[in-house]
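Shared between the two complexes below is chain A, which pairs with chain B and chain C, respectively.
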Partner chain A sequence: MIWDSTDTWIVVIGVLAGISSALLGSYLLLRRMSLMGDAISHAVLPGLAIAFLVTLSRDSVSMFIGAAILGVLTAIVTQILHRNGKVEENASLGVVFTTLFALGLILISLFANKVHLDASCVLYGNIVLSTLDQVSVWGWMVPRAAVVLFIVLLIDIAAIAILFKELRITSFDPAMADTVGFNPWICQYILMSLVAVTAVAAFEVVGSILVVAMIIVPPATAYLLTDRLLVMLVLSVVFGALAAGFGHVAAITVPIWFGFEDTETAGMMAVLAGIFFLLALLGAPRYGILGRLVYRVSLSLRIAREDVLGFLYRAEELRSDQAHSWQAGSIGQAVGISPSLARIALVGLHRAGQIVRHDRSWSLTNQGRNRAASLVRSHRLWETYLAKHFDLPLDHVHRAAMDLEHVTDASMQVALSREVNNPSIDPHGKPMPEAKDQENDPQ
Partner chain B sequence: MNSEIQSESILPNQDLPRSRSARDEVPPGREHHPDSPLSIHDMTVAYHRKPVLWDVDYDAPAGKLIGVIGPNGAGKSTLLKAALGLVPKASGKVLFFGQPYRSQRNRVAYVPQRESVDWDFPINALEVVTMGRYGKIGWIKPVSKRHRNVAMEALERVGMSDLAKRQINQLSGGQQQRVFLARALAQEASLYMMDEPLAGVDAATESTIVNVLRDLRDQGATVIVVHHDLQTVSQYFDHVLLLNMRMVASGITSDVFTQENLRKTYGGRLTLLDQAAEALARAGE
Partner chain C sequence: MTTDRIIKQTWLFMMMVVMLVAAPLFAGEVEIQENISFVDQLLRTLSLRDYNTRLVLTGTTLLGLASGVMGTYMLLRRRSLIGDALGHATFPGIALAFMIMVAFGGEGKSLPGLLIGAAVTGLLGVGAVVFIRHWTRLKEDAALGIVLSVWFGIGVALMGLVQSMPGADAAGLESFIYGKTASMVQSDAILIAGAAVTVVIVCTLLFKEFAILSFDVDLARTQGWPLVKIDLIMMLLVTLVVVVGLQAVGLILVVALLIIPAVAARFWTQRLYLMIWIAALIGALSGLVGAGITNLFAGLPAGAVIVLTGSSIFLISLIFGSYRGLVVLLTRRVRLNRRVRYQHLLRALWEAGELKQRASQSQDCITLKWLLQQRAWSQRSLQRLLKSAQRKDLLLFDPNKETVRLTKSGEIEASRVVRNHRLWELYLIHYADIAPSHVDRDADSVEHVIGTDLVRELESAIADAGDVLRPPPSPHKLGVQS
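Moving on, here comes the complex of A and B:
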């Protein structure tokens, strides 16, 4: 891998674009209007073309004004179409932005083909070329795109910092926000202008397709990982920046491993953002697929262990001699779980020191007996409670108590016992195990 | 106080929704109390040319707990939203404490239906309640500690201070509704307008909310509540407004909440009025 200053600038430009896009994209996501970012980044094209035709220069300021006007126009026209016609909001968005985008393409091909403002540049950008167009900043030669993106990033950060409270209330509850004087449309149009300006600054470099990816994907990734707005903003910025930075590294290294030439940096940035999303989708602690799977598996394991404990306790209750041989298969059958799950539960209990093995059978240790007594106590208290408060046949209360005993902690048990007047037997006439002081919950 | 019974036929006895030019006409007949917390003058609301509310004329009595009662689709939510300017009025005028809404904003607290917001939004209970202070804080200015304290006290009044830092998607439906009520309390308003605050909440939450509403009334505030449960109307509300696209009746609960008025409100609504609405929609196309 050969790395020179061009590579560094590519990463800097990509990271700047990624951060701005991710910040604004987070708010679009929370307002359930991520596609508005898509629409605006395309719809600004005629604004650019007209600004160019009017001023005959690629001067940044007029380009930005043209883009911002078109961005807000997109939001307004979409809303008008949606409100007054029989057009669904997404459909009206699609109508508006494709029409405007096409109009922009026509304008460019008609009038502007002499200059290098061409259509493919808009779609894919050219990050390598953008590093060559340099300006002097305090004696340093810096790519113009980096300067522009940095200024745009400052504007975005400033706007979000100043309007944090306003964006929050109008995103969460626009109706209530309106009644206390925060017009949701004002915030909406400010946000749309920022998106338009950011999209223009970014797509010259990375193309409008990547802008869309950067607006939607990193915030969606962050949303999976947190329930806090500030954390979400920070995480989406981090993912945007990482995707941009490593996207370039991957673009110049990964294809070479497979015998190809290096590939488009912009494309690789988007792919990497997608990979981050996939990882979060799998691995996010609360909302991830794996996280939920692990939770469910560990829950069913715990329930299996507790059921086995309860079973051994009841077996002891019935016959004080411990001669009966309990194998995983017969225990599993009695408790209603598969033999393999029963075996896993037995191994777990054994390791926790709650049961011991004597040659062909299992029995409870003192520690295990205490834990089992507490479970059985919860179970029988629930049966008593259910029999007292609901007019259910006794065989029905057992099933419900079977579920409830696993979620009953010590304090709930105390409250439950008080509620049913501390009985000494359950509705089936079985003795209530004594309450133990120490709770030895493996969880 | 507006205690006289205003009972009228359910059928539209005037022309269908007024045109824009009718807005400036003097509303017919009825006297309005200049200081009523909410005074609605001949308000008509239509969605996509389909009328939702017809010619509602109503003065809310000050310092009362008022129930807005009517079947689904009667326009109860729309009444609140249109009064607050959240949905456009086809005609009519609404005054709050005798003034336009804009100038009285800080005296009014609105609680939308719980389902109207996204409870997966990354925010905790205290932050939602703090939004009740935003109107007093104004644009741009940050939330100060004093405002956060008011929000915390509001959470305490609804028995939720332990869950202040809890993410809102981890709250039960009843707890979410209490957060919404706390947010309204934090607004320290004189008029509370609440859309179905008792829908789908547990019994404990219901009694907490009703007690808070009574406290507000006892402290002199006016509380208008869209309510769906006919069983509890007489027990909860001093006044009622019976609504079914038109205002069927309004007044003191014991006078107005009668079999006869209920039949007018709930019975036969899908008849002439709907036919008229249909015809109107067809004519407009």
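Moving on, here comes the complex of A and C:
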């Protein structure tokens, strides 16, 4: 890997673009308007072409004005079509942005000799070339793109800082914003023009697709990790910046491992953003797939353990004069779980000291018996409650109580017992186990 | 939908397809002339004299037709933008297929191979959208956006690799992004025709299945339809359209072909069968006219022109559409407003008569001044309204004395309106437990839209309903409360 100042500038430019896009994208995501980012970054094309035609120069300011106008126009026309034309929202967005994009392509090809704008440059951008066009800032030679992106970033940050409260309320609860006297549409249009300006500043360099990736993917990654707006903004900025930085590193290293030369930095930046998203999708603590799988597995294990305990307790109750001993297979069959799951549950209970092993069979310890009694008490209290309040026939309450007993904690049990007047038998005539002190309760 | 109609529908579609396919394929090449005038060129385009023109027009027309059909289903299933994700998601497949084919010593640009690659990653992209939406708390829009940008990013990165592959000529792969309509060859046209015929046949055979999936998924589920299979077939057809469309108009604009004709068709009808037809027609027309225009003016990007043609048809539909067009909606609203104004006037006059009768005054002289206080109308609008009502023979208005009197036909109409108003008031009082002092305003907006059936029902629900010429007495105090 050869690293020179060009690479540094590429990373700086990418990071700047990533940060601005991710900041605005967070608000778009919360407003469920992520695709607006995609739409606007396509729809600004005619705005750029017209700006070129009017001023006959690649003047940044006129470009930004053209883009901002088109961005807001996209939002407004989409809204009008949706409201007054009764076109479904996504469809109206699709009609508007594809039409504008087509218009832009035609304008560019009609005035190709005047407009020095290549359609493919809009899609891919050209980050390497952009580092060559340098201007002097306080004696330093800095790529023009970096200066422009930095200014745009400052504008974005300033707008978000000033409108933080307004943006938050209109993103989370537009109806409330309306009732407290704040027009949500103003925020909407300010946001849309910011998106348009950012998209234009960025896509000359990194291409519109990367802008879309940076607007949507890092905020989505952050959204899987947190519920707090400020944290989400920070995280999405971090992910945006990391994706941009490592994207370039990946673009010049990864292909070499496979015997190629380097590849498009913009593409790799989007891929990196996608990889971060995939990691969050799998590993996010609360909303990640692995987290949810672990929770699900541990829940079903706990339920299996508790069912086994309850079963052993009921078996004791039935044949209180005999020695009670059971094997894993028969327990599993009786509780309705597979033998292997039953074995796992038994091992867990044994380790917790709630059951003991005699030869090849199992019975409750005192501690286990207390826990089991509490479970069976919850179960029978629920049966009583369901029979009393829901008018369920007696042969229907067992199954519901089987589910409810696992989510009943001590205080709920007390309240439940009070609700059904502390009965001593359940509706089936079985005795209600006494309420033990709950200090052994793992919950 | 009877079997008869299905057969007829198939026939019509098939005839259309066969005619369009047959024309270019059996044509011989015609010599190309240089420096022909615009009029000549127009004539040549219109008469389809050039082999190449015919080919391109056939291809784009059939593509428009097929995407119109599939777009209708996507619109009804609220999946319009899935085409966007699908289109972008095909890109890495093209690059990957190219790399694989080159790696195995092939030339790399075999069209079927590239298109298979495109279809595979496209479908993977759709699968990813479904997965993200199902397994995370992200919404549809974010899922689509993530897939389209990341997949496209992968495609861009892979394209970068392709460029540096030894012995591979990757030039031309980019045509999949922008399309290369003008340089369409016979095999491209045949491919599109095949896709269009497949779409039409499958949609005809599975008309009922697709319809139920589009309108009522829950009903379909409870009735035990194999939803997943039907859905898969539908998505495969959409993928087919997108993939063959890549060649013709490019991946961004094929999205437009999937959305615009369907949305435009929605303004003309609410019947699925008709909507598919209209969407297919609009799609075909966009393809035909768009490609025709491109043929006339050299240098225009054909895909963009086709899309703009579609957009123009959309605009026309938006304004003039016979079912939901703005003109229709506006006329309907103006008519309703006019009727509401007349009915308000008549009711005010009738109630004035009742008040005067109660006070044993002469009923003839209801003054303009009194009427003005009854509603929020200005002097001018009221006078205009009175004059036009007089022309309709509903009342007699004396502009000098500023007095108004109902005619016989006005009285009948007024009593009907008042009766509807009061029936609704009584209904609200009896069945909705609303205080008599609060029902007037509610009934005010409902009285104009109660049909005869509803009036019959109200009559049977309310004991003292009166008859048309003698409405029941008002349940609340009449006149303006001051």
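Of note:
One rule holds in what follows: the second predicted complex is superposed on the first by the 406 of 443 C-alpha atoms of A that agree within 3 Å, B and C clash if a C-alpha of one lies under 4 Å from a C-alpha of the other, contacts with A are read in each partner's own complex, and residues count from 1 in each chain.
Going forward, a residue touches a chain if its C-beta (ideal position, glycine included) is under 8 Å from a C-beta of that chain, and two chains touch if they have at least 3 such contacts.
Owing to the predicted nature of the structure, the values given are computational and were not obtained by experimental measurement.
With both complexes brought onto chain A, simultaneous placement of chain B and chain C is prevented by a clash.
By the touch criterion defined above, A:Ile162 reaches chain B but does not reach chain C. In the overlay built on the shared chain, the residue A:Arg32 is in contact with chain B and with chain C.
In the overlay built on the shared chain, the residue A:Leu224 is in contact with chain C alone; chain B does not reach it. Greater residue coverage of chain A by touch, when chain B is weighed against chain C, goes to C. In the superposed pair of complexes, A:Met176 makes contact with chain B only, with no contact to chain C. In the superposition on chain A, A:Met232 makes contact with chain B only, while chain C stays out of contact range. Within the superposed three-chain model, A:Leu93 lies in touch with chain C and out of touch with chain B [touch as defined at top]. Superposing the two complexes on chain A places one region of chain C into the space of chain B, and among 181-189, 271-279 or 325-333 that region is 325-333. Applying the stated touch rule to the two superposed structures, the overlap between the chain B and chain C interfaces on chain A comprises residues 32, 223.
The residues of chain A lying in touch with chain C in their complex are 29, 32-35, 37-38, 42, 81, 84-88, 90-95, 98-99, 101-103, 105-106, 109-110, 112, 119-120, 123-124, 207, 209-210, 212-213, 215-217, 220, 223-224, 251, 255, 260-264, 266-271, 273-274, 277, 281, 287, 289. Only residues 30, 32, 162-163, 165-166, 168-169, 171-173, 175-182, 223, 226-229, 231-232 of chain A touch chain B when the two sit together in their complex. Across the complex, chain B meets chain A through its residues 81, 84-86, 105-106, 108, 110-112, 116-118, 121-124, 127-128, 131, 134-135, 137-140, 142-143, 167, 169, 183, 187.
Remark: chain C residues 75, 78-81, 83-84, 88, 132, 135-139, 141-142, 144-146, 148-150, 152-161, 164-165, 174, 177-178, 252-253, 255-256, 259-260, 262-263, 266-267, 299-301, 303-305, 307-308, 311, 314, 318, 324, 326 touch chain A in the complex.
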